[in-house]
Amino acid sequence: MNNILVMPMIIPLLTGILLVFLRPYVLVQRVFSLVSIAATVAVSVTILNLIQSDGILRLDFGGWLPPYGISFVADSFSMLLVLTTAIVTGILLIYAFSSIGRAHENMFFYPFVFFLIAGVNGSFLTGDLFNLFVCFEVMLLSSYVLITLGGRKVQLVESIKYIAINVLSSWFFLVGIAYLYGTVGTLNMAHLSVRIAEVGQGSLLTVISIIFLIVFSLKSGLLLYFWLPGSYSAPPTVVAALFGALLTKVGIYAMFRVFTLIFYHEPGVTHLMIGIMAAITMIGGSIGAIAYNDIRKIVSYNVVIAVGFILVGLAVSTEVAIQGSIYYLIHDMIIKALLFLIAGTMIYLTGTARIQNMSGLIRNYPLLGWLFFITMLSLAGIPPLSGFIGKVYVGQGAIEAGAFVLLAIAFLSSIFVLYSLLRIFLNCFWGETIINEDDDVPLKKGMLIPMVLFGILTIALGVGAEGLAPYVTDAAHTLMNPKIYIDAVLNSDS
Amino acid sequence: METLITILVGVLVTVAVYLLLSKSLVRVILGTAILSHAVHLLLMTMGRLKKGAVPLLGENAESYTDALPQALILTAIVISFAVTSFLLVLAYRTYKETGSDNLDALRGFKDE
Amino acid sequence: MLAITIAIFIPFLAALLVPFIYKRVQSRSIGWFVMSVPLALFIYLASFIPAVAGGKTYIHTIKWIDSAGINFTTYLDGLSMIFGLLITGVGSLVILYSIYYLSEREALGRFYVYLLMFMGSMLGVILSDNIMVLYVFWELTSISSFLLIAFWYHRKKSRYGAQKSMLITVSGGVGMLAGFIMLYTMTGSYSVREIIETIGQYTNESLFLPAMLLVLLGAFTKSAQFPFHIWLPDAMEAPTPVSAYLHSATMVKAGIYLVARFTPVFGGEAVWFYTVTGVGIFTLFWGSVNAVRQTDLKALLAYSTISQLGLIMSLFGLGSAALNEGYSADSVIYTQATFAALFHLINHSTFKGALFMVVGIVDHQVGTRDIRRLGGLMTLMPVTFTIAVIGSFSMAGLPPFNGFLSKEMFFESVLNVRNLDIFAMGPLMGSLLPVVAWVASVLTFVYSMIIVFQTFLGKHQPDRLDRKAFEAPVGMLIAPSILALFVVGIFFFPNVVGTYLLGPAMTAVYPPFEGAEGLVPHIAAWHGFNAPIMMTIGVIAVGALLYIYLRYWRGIYSLAPMRWNLDSMYNGLLTQTEKTSSFLTRTYMTGYLRDYLVYIFVFFILTVGGGLLWTGGFSIDLSNDAPMTISEYIIIFVMMGASIAIIFAKSRMTAILLNGVLGYSIAILFVVFRAPDLALTQIIVETVTTALFLLCFYFLPEWSKEKSTRSLKVFKGIIAISVGTVVTVLALVVQGNKMFESISVYFENAYELAGGKNIVNTILGDFRAFDTMLEVVVLFIAGIGVFTLIKLKAGKGDEDVED
Amino acid sequence: MNVSTIGEFVGAFLILTGGVASVISVFGLLRLPDVYTRSHAATKSSTLAVLLTLSGAFIYFLFSQHFVSVRLLLGIVFVFLTAPVAGHLIVRAAYRSNVKLADISTEDELYEVLHKDKIKEDGTGQ
Amino acid sequence: MIQAMLTTSLVLFSITIAIAVIRIILGPSMPDRVIGLDMIGVNLIAMIAVISVVMNTKAFLEVILILGILSFIGTIAFSKFIERGVIVERKHDR
Amino acid sequence: MKINDVILQTVTKIVVFIILTFGVELFLSGHYNPGGGFIGGLVLSSAFVLLYLVFDIETVHKGIPFDFKKVAAFGVLLAVGTGLGSVLFGASFLTQTASYFNLPVFGATELSTVMLFEAGVALTVVGVVVTIILSISEDV
């Protein structure tokens, strides 16, 4: 019994609820939300370190042992993501303070953010397939609200697509759960794994696993990313950043979990499919990223590319590759948040999203410009920024597994990333300054600080990658050896 | 029984998918509602149907029907209710804001 | 040695300091501070020359990402020594030059930050033993070069040049990274030294060749080898000190360094030999051909740099042949090529650096670099002219300048190749090399003459110049003069260089030949009337003729159509890619929800349905079906009818009511299935949903008949039916394949376990209470969400800037 | 044949009667010409049908399991209470929203009342 | 015998519901449909009562009451909807 | 013009009372019989909705002066709070306990924390459903 495990989810949840009561007191809301994010971070760090000493932790809700009750299971992989989520959210909240506006703050903006985080963290932690669905829904509903919050036309129009497609994916999820329950008769992921290992992953189970693949692909934007560029460019900057940083990652997490823990017996089918899909995703994202002149679109397609890249690790499924994916996942959460923030800030400053209409921003906002530069390099995986180590590991895994096509596409995609962002940098930040000093929209400190923090994070993560190494190694090791996870869940001594 | 219910599920899914592919927002939302009906039935058939008594203890029966899917469906119903209601209100707001419920008109902003 | 590792970081630290100092100083004297950094480093490195010449190497490791085997390992040997001295030495001179070259109005702080950053990364490249760290610095050089090229970022051409160089070099770098990872996968080490030691066992692995080619890709892009050379002329948009430093003396030589460093790894392979030599010699030729046609002095120098780099590259290629058989008296003749390469490397840095500075001076003084507008500057700028003559003649391979020595050795090496009987080198191929080399040298001679004579001789055209021409300030002349002194000095004392610098470097390139005889030949300016000297004489004779009749034959350049130009191909590629991507993306990203849904459904049908069909052989077992009564049949058929009727419903109200019918019928089915809780919930939820539908839909327009073509309807129908079928079939299969007893048997002890008699409710409230809790949260979010959705409207004036 | 069997039988019989009544009423719903007449069929006879059925069920449970179902009683009361009101409301709504009477109708007594009402309202005017 | 009677009545109720659905589909006016729906609601109550008799369980008796409540509320809502289009009123409206 | 339907309003007053009682009964008996927090909550909210239907918003609001959003929030808080309560007692999150109490009127009654949990659920449902319906209605 480790009640601390529920905290990364319950703290945001409770915060969200309490903030509803604090609706009129904006300042209190801000302070309170920062405090609870800090608490979440602290708790996550504690758990992460606890895992290193005690192995995988498990919390059975209501004391009902798995597979009968619902359990939270925390291994290094999930906790790393939980921790990153908390940190990213905390920094984004700071940005929100100065950007989101009173109207939003009065309309439960912070509660929704916290519910989103609760859903995200719950998805990372849960050990039960159906509970995963429920956590997804918590996250999705908050995201539905957040994407529409503000009620601008674009938001409404794009959110319809977003919601419709996500409803469909939730439906697929339920269908998948139904089939899986029908064949195997259980819902606990570890138990599922045991039972499937017992009868062997026959063709039926493989087909069912494809349904899950579709579900998580829809959520993560693997191949089925059509909803993503539109809906990520509609909401306010902070929300877009939250989405860009967190939402697809949950899908990716689920895919890693399910295809390393449960359906890992037929890599020739499932992992091959993932590989092909990842390749197409990277290609599609790459060409999408250079196809538009709208910053938001470019940035959104960059999310797509990253999804493909991360899943290369799963597709080749060697321990090194998975390590790479984890590094890249963490990196991507941070850097995408930063990227979206910068893009949003640029739009805020210039009043346009089109790169032809901006020029010479770096003269007015040098720090913003250099932050963008760092982001660009980090995204392209240029050392010593955070994207580098993940890229190396994924590449190494791909080479070990002999997946040269994937390797080529993955590495080429990073050049497309670079090119797409270079276009923004050259057009918007460099060039003749067209804003004169008087029309200069001041860049608020409150906006700059979070971006700088993210910038520092990406550098720190790149230079200090060794600090993460033990956790990531452990995470990858656990993912590659499902038995560790299963033993931790199904032994009934706790 | 199961076979027929399954076929019913298929019919519902077909109808729902057809509706989802329409231009009108109303039809799309109806489609999602029907989809959720379908999946609830599907979940139900995945436990054995009609085997055993109502899952209320004290009805002194030999065996009970599979209670777990029922619990899952309950959760699913509530969630789909939440989603549907949100989607409905969204449709309403969208119409008020844009004056259209035609998804072709609601294509979203263009780049060029 | 720790100090060497620190040496890499000193420029970076200085770069960090510069902005602060610049804030205080705000004048060009910041340059003196900056200059002290490379100067100190130069002296420091030079102090190691005797030791290194004595065969000593220095190694030091600082742990970085130890778990990945990526550590800061610095390794100082002869090869890194040469480059280190070049970087710091030329660096000091360039900074000295820049102090006078750049106006005080420029953002000097930024300039020096970039420059120091570059210097540090360059030192990192050549001193790193760990190839991953090497890659780190490699990319950093690309970045700092990018920043320096676009130093005047408001100029369109600067940005264009910067982008081009960044894209090409980083792409090459990424390829190189892949190659490095392959090397690691084979050998399990990132250390060059370890790789060199163990590579012998891996030459037959399938990864060996791709790794080699990828590493070469990195080297070629960086060193502007054909066809990647196109970035270099555009990089000339950078301030001239930068061009002198990065784009002739150091950064472009990083590729050369890489080839030299990896010669022990890959050298001795036929592919390596042919690629490096072939690409090098062709680049030599192509660069010189193009240099002649240029009218911009800097562009001319850029192509000449490309050409010279090709020369060095080809020499390394030739030299690698020595490793094929191991040490023997025969192979020593090939090592000579490498020796020539290293020697020319140094020479090139000196004379090309001087020339760039000269061009910079001319540009600075008269305001143009266009040779059609220049002429007759000799008398006005005598010192500059002298330096230009020294540099150009050295480049042309004339005595008494150092270029002559290395050019001679180059000829000798290509001639030696004819005797090469390895790698299936036929006599034809063997003769081709000297011919091409000779032709390229002739052209080199021609353009060297162009630099000197068309700028400084001929008619002075003061009216076509921006400013009145007069000699540059002394400060600006110091740096090129020092380089010119080296050009002459090395000619007279070549063996100093040979012994102290080239010798140790040769050992680094040929570790198995360490201490072998003839590895470090004696350099003599005069070595009798042999083939090379004949060739040089030929070069001078033919070159002079060609130069004199230049205007008659230059016309042939215009014969080649412009669009076959590599530059326009590059531009075309970029615009085409953008256009194609735009087109492709717009084709499938239509913005229509329906299209997206179609993609998803089609994907579902293809994968899941396809999976079902493909694996096949599923048993559908219907024997376990529960019996049915008539009333149940009726309900089910009512439901089917109602659902199908929805599609054809004329009014939305009918549709909503029919949906309600479906919901209520499901409630009955739940009753039939013995699920009272579900039935209750379903009934209420259905009612509320229907009510909501009505509430909201009152405001929506009556639904119009779907105006769609028949084929679209059929298409939709097919998709819908396929999805339905797949779901049904899979469900039937699942029913026939129940593999395990459900865990729900456990819950039948609900009363003992949790004190509840309603099993479903006990599951919801106790066993799976967490689900319920979250479900409530979901509901809550939806409720509040609806509230905000309705209450928070975008006001007219409130329209966000984000549109 | 003991008491409980008889009771069960009575209950079942009532249920059957209810079923028959409901079918009859639904035929009315199908066949009658306009809303107003259909509402008679729907509200009156089907209320009867459901009351019969519920009573039947109540009696059945009473005799077979000796179980007095409060809920069933409550249900009976509830249906009895609300069904007429509901019927009334629908017809009222139908009338006010100008649903046409069947062609065979001879008289619309409320027509003038309602119109006067409307005229008056317009006169006093909002 | 009893079983037969019960089954018969179940079938009868189902037929009723089926016919009511036809009425809903046919219309022609909104109130017609609402009446049809009301009819279905009432018959569902009856049907569920019969089913619980058939199954011999008390589990579904709550359903009956709820159906009653809902069909009542539903009918009120519908009729208000038909009458004036607004379901929940505000005092100062109109 | 208000619906001035005396019959309806009179019946409603009785019916609402029945519904409320029934709703409370449903959620209390959930552990043994069909029902539970969710259903109970829905039934309760249907009573409120009925009131809103028959009377107008202001009238009802005067009678029941709740902010239903806060009711919902309180409900969620209660549901989550019971989970946290068990943490305080050193049990796993969401551990439910039950024990028998001798209450003066009801005799030996089993009181369970599930009850609190269910109450939270019910309150949320009431709050949410009424909030949704009111929001839409008010927007017109």
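For the reader, a short list of remarks on this structure follows.
By written order: A, B, C, D, E and F. Residues from 1 in each chain.
Methods note: a contact is a pair of C-beta atoms (placed from the backbone, for glycine too) under 8 Å apart; a residue touches a chain by one contact, two chains touch by 3 or more.
Here the structure is a predicted model, which means the values were calculated and not measured.
Considering the contact criterion stated above, the chains in touch with subunit E and with subunit F alike are B, C, D. Between C-E and C-F, more C-beta contact pairs join the chains of C-F. Relative to the centroid of every protein C-alpha atom shown, the closest chain centre, again from C-alpha atoms, is found for A.
Averaged C-alpha coordinates put the centre of subunit A at 28 Å from the centre of subunit B. One finds 10 Å separating the Cα centroids of subunit D and subunit E.
Taking the mean of the C-alpha atoms as each chain's centre, subunit B and subunit E sit 21 Å apart.
In subunit E, 10-11, 13, 15, 30, 36, 55, 57-60, 62-63, 65-66, 69-70, 72-73, 76-78, 80-81, 83, 87, 94 are the positions where the chain touches two or more neighbouring chains simultaneously.
Multi-chain contact residues of subunit B (touching two or more other chains): 20, 25, 28, 42, 45-47, 53-54, 56, 58, 68-69, 74-75, 78-79, 82-83, 85-86, 89-93, 97, 103, 107-109. In subunit F, the residues touching two or more other chains are 1, 8, 15, 22, 32-35, 38-39, 43, 46, 49, 69, 73, 76, 80, 83, 93-94, 96, 128, 132-133, 135-138, 140.
Pairs of chains that satisfy the touch definition comprise A-B, A-C, A-F, B-C, B-E, B-F, C-E, C-F, D-E, D-F, E-F.
Here subunit D touches subunit F in the complex through residues 74, 77-78, 81-82, 85, 88-89, 92, 121, going by the rule given at the top. The residues of subunit B lying in touch with subunit F in their complex are 56, 58, 74, 78, 82, 85, 89, 92.
Subunit E meets subunit D in the complex at residues 1-2, 5-6, 8-13, 15-16, 19-20, 22-23, 29-32, 34-36, 38-39, 42-43, 45-46, 49-50, 52-53, 56, 58, 61-62, 64-65, 68-69, 71-72, 75-76, 78-83, 94.
Residues 1-3, 8, 15, 19, 22, 26, 33-35, 39, 43, 46, 49-50, 52-54, 56-59, 133-134, 137-138, 140 of subunit F touch subunit E in their complex.
For subunit C in complex with subunit F, the residues that touch the partner chain are 676-677, 679-681, 684-685, 687-688, 691-692, 695-696, 699, 754-758, 761-762, 764-766, 769-770, 772-773, 776-777, 779-780, 782-784, 786-787, 790-791.
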